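Labels A, B, C and D are assigned to the chains in the order they are written; within every chain, residues are numbered from 1.
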Amino acid sequence: MFWKIKTLKNIVRRSTNNNSANNNSDNQEKAEPIPKSINAVKSKLEDIFSECGDLIFREIVCNSKLKLLVVYFDGFVDKRALNQDVMRPILDHFSNEKPQGKSKRISELIKESIVNNNDIKETENIKQAVDNILSGEALLFIDGEDKALIVGVKAPQGRQVEEPDTEVSLRGPREGFVENLLTNITLLRKRIKNPNLKMEMIELGEQTKTDVCICYIKGIANEQIVQEVRDRLKKIKIDAILDSGYIEQFISDSRISLFPTVGNSEKCDKLAGKLLEGRVAIFCDGTPYVITVPHLLIETIQASEDYYDHAFFTTFLRLLRLLALLVSNLLPSLYVAMVAFHPKIIPFKLMITIAASREGIPFSSFTEAILMTVTFEMLREAGVRMPRPIGQSLSIVGAIVLGEAAVAAGIASNLMVIIISITAICSFVVPPLIRATMLLRFIFLAAANFLGFLGIAFLVVAVFIHLCRLRSFGIPYTAPFSPLTAPDLKDSLVTVPIWAMITRPRVLRPESGDAEAGIKRQEVQIKQ
Amino acid sequence: MINRKDKWFLSTAMLAVLCLAVLFLPGCWNNRDLTEINIVTALGIERSEDGKILVTIQVVEPAAIQSTASGKGKGGGAQPKPVFVLSYEGETVFDALRSMLSQVDKRLFLTTAQVLILGERLSKEGIVEVLDFFQRDHEVNYEMDVLIARDVTPAELLEIENDIDPIPAMYIKKTVENTVSRAKVKRTILIDLIKELSKSGRQPVLGQIAKAGKKVVRTEGTAAFKNGKLIGWLDPYATRGFLFATGKVKSTIVNIPADGGKISMEVIRSNGNVDVKLKNGKPVKLIVKVNLEANIGEYEGERKKVSPDYLHKLEKIFGEEIKKEIGRAINLAQKKYSSDIFGFGEQLHKFHPHYWKKVENNWDDVFSNLPAEIIVNAKIRRTGFIKNPIMKER
Amino acid sequence: MNTVLVLIIFAILIFHDLSRFIKQKDPIKVIAIYTFIMSASLVVSLLLAAGRRPPGPAEWIEWMLKMIGVVR
Amino acid sequence: MENVKISGIQLFLLIIGFLFGSTSILTPVASAKNDAWLAVIIGGLGGACLVWMYVAIAVLNPSKTLVEILRNRFGKYLGNAIAILYIWYIVHFSALTFRNFGEFIVTVTYPETPMVVIIGIFAALLVYAVNSGIEVVSRSSELFVPLLFVIIIIISLSLITTHDFTAFLPLLENGIKPVLHAAFEFATFPLGEIFVFLMVFPHFNKKINNLKKIAAFSVIIFILLYLWSIFEYLFVLGKDLLYRANFVPHIIASLIPNSNLEPLIDIYLIIGGGVKISICIYAAAKALSQVFGISDYRKLVTAVTTFSVVLSVWVYENLLEMVEFAQKVWPYYSIPFQIVIPLILLLSSYRAKTD
C-alpha cells in the first residue's frame, strides 16, 4: 500500500511540474475582475481551459442590446434544469419585453426576478468563476457587466443511496453513504435534526481541491478533540485526496502501527451513533467512507446492530467476536507451537490423530502452516480483485486446492486444512482488523516456530504493550479496559440494554474541565 | 517530516528483516515436530539378574492406530502393528532410555506414558532409587498409573496384544481405572506414590497386575511395601478390606451369605478412616471406622419377602462380611508383613507428634502388636426395580 | 563464536543508543554513564563468553556477610 | 513526561503483580515444610510492617522519589552515595529475578535453549515496555494482572479432588526456629522489596492518604492469596515434595487431572515476572538519572537492562547456588536496604515534619 501511494504521489507531482507554467499564469489571472465584454471573457476562459473539449460556451443574443454567455462543463450540469429554469425565463422575458428602466442592472434583474432557480449567486472575479465552473455550476456572463451569475444546476452525480456492500446488517437502516458529499451530509442531517450538528467545510488537495467536512455535535464532542482534528487536517499538504484513506494516513496517531487508530464507516446510522457518543466525523467528497475519530480498539468489535438487539445477544456476539479475533490471530501459531514444542499439552488421543495425519508430510508444521495461510490469503485477494463472474470458478478451485487435493497429495495434513479454514472464517468476523490480523498471524507463526508458547506469549505481551502505547487523538486506545473506566464497561464486552446506558462514553472526555457537560445520555427514570 | 518518514522506513525495514530472520532461523532449539518423536505409551522397569536396570517401552505407531480404528478389514494386506515393544539394559533408568536410541529411530517422548509397570525383582530390592528419574525429568507425566507385575516380567505384559484396544497400555490403564466400580485393586498414580514413599507412618501400596491368559491381563490385588521394598501381596478381598478402611472404595459388589443363598450388595457410597486410640499417652487400640451405603443388586437366596426388618438384619450380616475383609487386611499387615500400610502412624504423627517422636523408630513393632477395633456402619437403602424375588402367587 | 555474537549484540545496542544521544545533543554525562555501564557489561560478558568467569557479586556479598559474621 | 499519573487500581495491580513476580516461580517459605503457612502469616505481618514503613515515608515526603528523599535527609553527597548503593541493590535483584525466570523456563520446558536467549528476549520486551513509560507499564498490568487471579482460582478449583486437608499437621514439628527463619525470608522476599515503589509512588494521582489504603489492601490481598496457595501446595503435594521441588507452582499446574496444561499455565509467570522486573528497571534507571541529574530516564534504560541481563548470567554458576543464595544470604543482604535505611528515613522525616 505504502509504495503504491508513493508512486501515485510521484505521478501527480510530476504532472504538476509539467503544468506549473500554466498554473502560474492562472494564479496571476485569478485575482482579476471579470472583463465587461463577453468576448474578452470568452477568450480569457478559452485561454484558461485550453484543450478542454467538454467546456461549452453558449452565446445568446436576446435582443440587440442584451448578450449573454453561458459557460459550463458538458455533462456536469443538469441541462433540463438549466434550460427550463434559467434559459427559458430569461429568453421569454427579454424577447417579449423591452428592458425596463435602467435603474436595475440586468444581472440583478435576472437574479431577483427572472430565474426560477434558488441557488444563484454573483461573483466579480475570474478566479471564483473558474472554481465554480470546475465544481459543476453554470456561469452566466452578461455583456457589459463586470459581474457573473453562478447558477447551481449541478446534475445529480453518481450512485443512488443504497445498502453498502461492506457493512451489511440484518437489522437497522440500510442507507449507506455515496460518493457525493452533499448527499452524505443530507443523509446525516436527516438523522440528527439539531442545529448543534456542526459542519466545518475545508478544502484539501492542491490539485484536486477536494471538499472535506469536519462534522461533530457541539456540546457532546470534546472541544479539544475537534481542535486537534482541525489542526491535523490543516497540516495536510498533498496534491490529491482521492479517498478518505489519504486523510486517514495523515491524521492517524501512529504511522507504524498495524492497528487502525482512525475508524471509517459507510453506514449513516453507525455514523450518527458515533457522533452522538461524542466522536468527530470527517466527510470527504468522492468517497462513501466517512472517517470517525477517536477510534478505539473496542470499536472494532462493536457493530451498529448491537444497539438494536437484546443485550444478551449482543453480549454473546461481542464475546464471540473477541474469540474469533483471538482465534484468527493465534490458532495456526498455537497449533504449530503445540506440535513442534509442546506435544505434552495435546490430549493423548488427539496426539495420535495428529501424528497419524502428519505422517509422510515432508514439511515441518510451520512450513505447512505458512504455505496454507499464504495460499488462503492469495485466494482471498484474488476473490476481491478479479471480475465478479470468475468468482464462482475461483471458489471451486480454491476449495479443491485448500481442501482435498493438498491432503491427497501429501502436502498438507487434514488437521492443518481444518485449522486454516477455521482461522479464515474467524478472520472475517471482525472486518476492521482483517489487515492487522493477516500480518500478525504470520508474525505469531514465526514466534511460535522460534520459541513455542513462550514466543507467542512474548509477542502477545508485546502487542498488548503496543496497544497500551497507542493513542487515538489523545485517547488511550485500549480504553475502557486500561485505563479502567468503569461506567464505560457497560458498552464493552458485556453490554447492557440501551435504556441502561445512561452516560455517554466517558473516555472521550479525559480532562475534567468539561466533564459533566456532555456526559448524560438520558434522564434516569425514577418513577415508572 | 522527512525525518519521520525515514524513521518509518527504517522501522518497517527492520521489522521485515527481523521477521525474515526468525522465519529462516534453522533448527531452532527444542523445536521437534510431532513426527520426530516416538510416542511412548507404557514403561516397564525390571532389575536384571546382574543388578542392571532393564527398561521396556511400548511405542505406538499412529498411522497404524488410525487405520485399525477407521478402516478395519480394508484390504487383505498385512496390517501394520499398532505398537512395538522394546527393551534395553542400562545402569540407570535414564541411561537405558537414552541408550535405547541405538535401536529406535526417533526420540522417546515420555509424557504420554499411561502406565509404569515395576517388576517383582526390582520391587523387592527397592523402588525408591528408580523413581528419582521420574520426579526429575521434565517430560514425565506425574499422573501415570504405577503397577507391580506379579509372577511375570513387565516386558511380557507390555507385549500382550489383543482386540480390545489397539494400544495395550490404554487397555491396562482402563482396567485399572474401572476399579472405581469393583474396588479390588488400588489405583496409584505416580505423584501419590511419591508422596506415600516420603510420609512417615505410612507404607505405600501399589496395584498388582498379572497375566490372565495369552491375550489378557488381570489387575486385581495389591502389593504391600515396607521401607520402599516389596514385602508381600494382598489378595483381592484383603485389598478390598484395605480400600474400605482407607476410604477409597467408590463402588463394589460384596456377596453375603443369606437365607441359604447369596445376596450381592452393590456398595454405592462409602467412607472410612483409621485412627489410633491413646490412653495415658500410649496407644492402646487401632480403630477403623467405615460408613457405607448399599443397594441390593442381586438376590439368590431362598425366596422371601423383603421387609424393613429383614433389611436391618441383612445390614448386620453385611457389616460383618466387610469387617471380615478389613480384619483380613489388618491381620496381614500386622502379623505377616509388619508394615503400616493403613497410615495409623501418620495419624499419630499428625495429631500426637510428641508421642510419635518416641515410637517413630520402632513403630512397625508397636503397630504389629496393637489390637484393632473395626466399626462398620452399613446401610441398605434401595432394592432396585423390584422389592421381592419371584414368588408363586398364592 | 560466542565472543563474536556478544560483540555483535553490543555493537548494535551501543551504535543504536549512541547515535541517538549524539543526534539529540545530550550532555556528556549521559554518554559517560552509558559508556561506563555498557563497557562494564561488555567486559563481563566477554569474560563469560570466553569461559573465564570472574567471581560474581553473589560471592562478594556472601564473603562480606561472612566477614561481618551474619552468615555462617 | 514527569506528570504521568497512575490510578489507584493500577497501583494495586502493579503491587500484586510485583509481589507475585517471583513467588509464582519459587516458594520462599518452603524451608518451613508443613509450617510454611505459619511462616506466611508471621512473615506477612512482618512484611506488612515493612510496607507500612515505606508508605509512611512516602506520605511524609509527598511527591518525592527515593533518591530525593535520601538527598533531603542525608545531604547531597551521602544521599547520592546511598542512592547508588540502592541502585546496585535494585539492579541486582532485577538480575536475580531474570535469573529465576530463565532457570525456570529452561528447566521446565526448554532444556536445550540457552538461557541467555530467553532472558535476552524477555529483556528486550521489558525495555520496550519501560521505554514507553511507567504509565504504559501500569496500563498493561491492568490488562494482564487480573489473569493471575483467574489462573490461581482455576488451578485451585481443578485440584480440589486431590486435596489432603490434614497435610499441614503436625504443628511446629521442628520447633519454631525454621518457621521464624522462613518468615523472615518471606518478609524480605518479596514483601520488603516493595521499597522499590518509593520510586513509583510519586506518580500516584489521588490524594496521598489513599496510598495507605491501597498499599494495605494490596498487601492483605497478596498475603491471603499466598496463604491460599501455600495451603494448596501443602494439601496437594505434601510437605516433602514442597520442600524438595525446585519449582512448586509448576508441579502444581502439571497435576491438574486429565490434562497437561502446564506449558500454557507457566505463561502466566511472565506476567508477574514482567511487572516485577519492569518496575525494578524503571526504578533503577530513574534513580540513576536523578542522581546524575539527567532529564530523561529513558536514555539509561537499555544500559541498565543490559547490565542486569549480564549480571543475571554472571551471578550464579548453577541453580542450587541461586536457591541457596535466595534462602540464606539474601535476607541478611537485604537488612540494610529494606529495614535499616528506611527506618532512619522514617524517623528523620518524622522529626523534620514535627519540627
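As a working rule, contacts are C-beta pairs under 8 Å (C-beta built on N, C-alpha and C of every residue); 3 or more make two chains touch, one makes a residue touch a chain.
On a predicted model such as this, the values are computed, not experimentally measured, just so you know.
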Identifier of the chain whose CA centre is least distant from the whole-structure CA centre: D
Pair joined by more contacting C-beta pairs (B-D or A-D): A-D
Centre-of-Cα separation between chain D and chain B, whole angstrom: 40
Distance between chain centroids, defined by C-alpha means - chain A, chain D (Å): 48
Separation of mean Cα positions, chain C and chain B [Å, integer]: 54
Sites on chain B at which at least two other chains make contact: 30, 111
Contacts with 2+ other chains: residues of chain C: none
Shared interface positions of chain D, touching two or more other chains: 109-110, 113, 260
In the complex, chain A residues that touch chain B: 2, 255-256, 339-341, 343-344, 348, 351-361, 364-365, 370, 442-443, 446-447, 449-452
Touching residues (chain side chain D, partner chain C) in the complex: 92, 120, 288, 292-294, 299-300, 302-304, 306-307, 309-311, 313-317, 321, 325, 328-329, 332-333
Chain B residues touching chain D - in the complex, by the definition given at the top: 29-30, 111, 138, 141-143, 191, 194-195, 198-199, 349-351, 353, 356
Of all residues in chain A, those that touch chain D in their complex: 341-342, 344-345, 347, 451-454, 457-458, 461-462, 464-465, 468-469, 476, 478, 481-484
Contacting residues of chain D [partner chain A, same complex]: 7, 9-10, 105, 109-110, 113, 118, 121-122, 125, 128-129, 132, 136, 139-140, 142-144, 259-264, 266-267, 270-271, 274
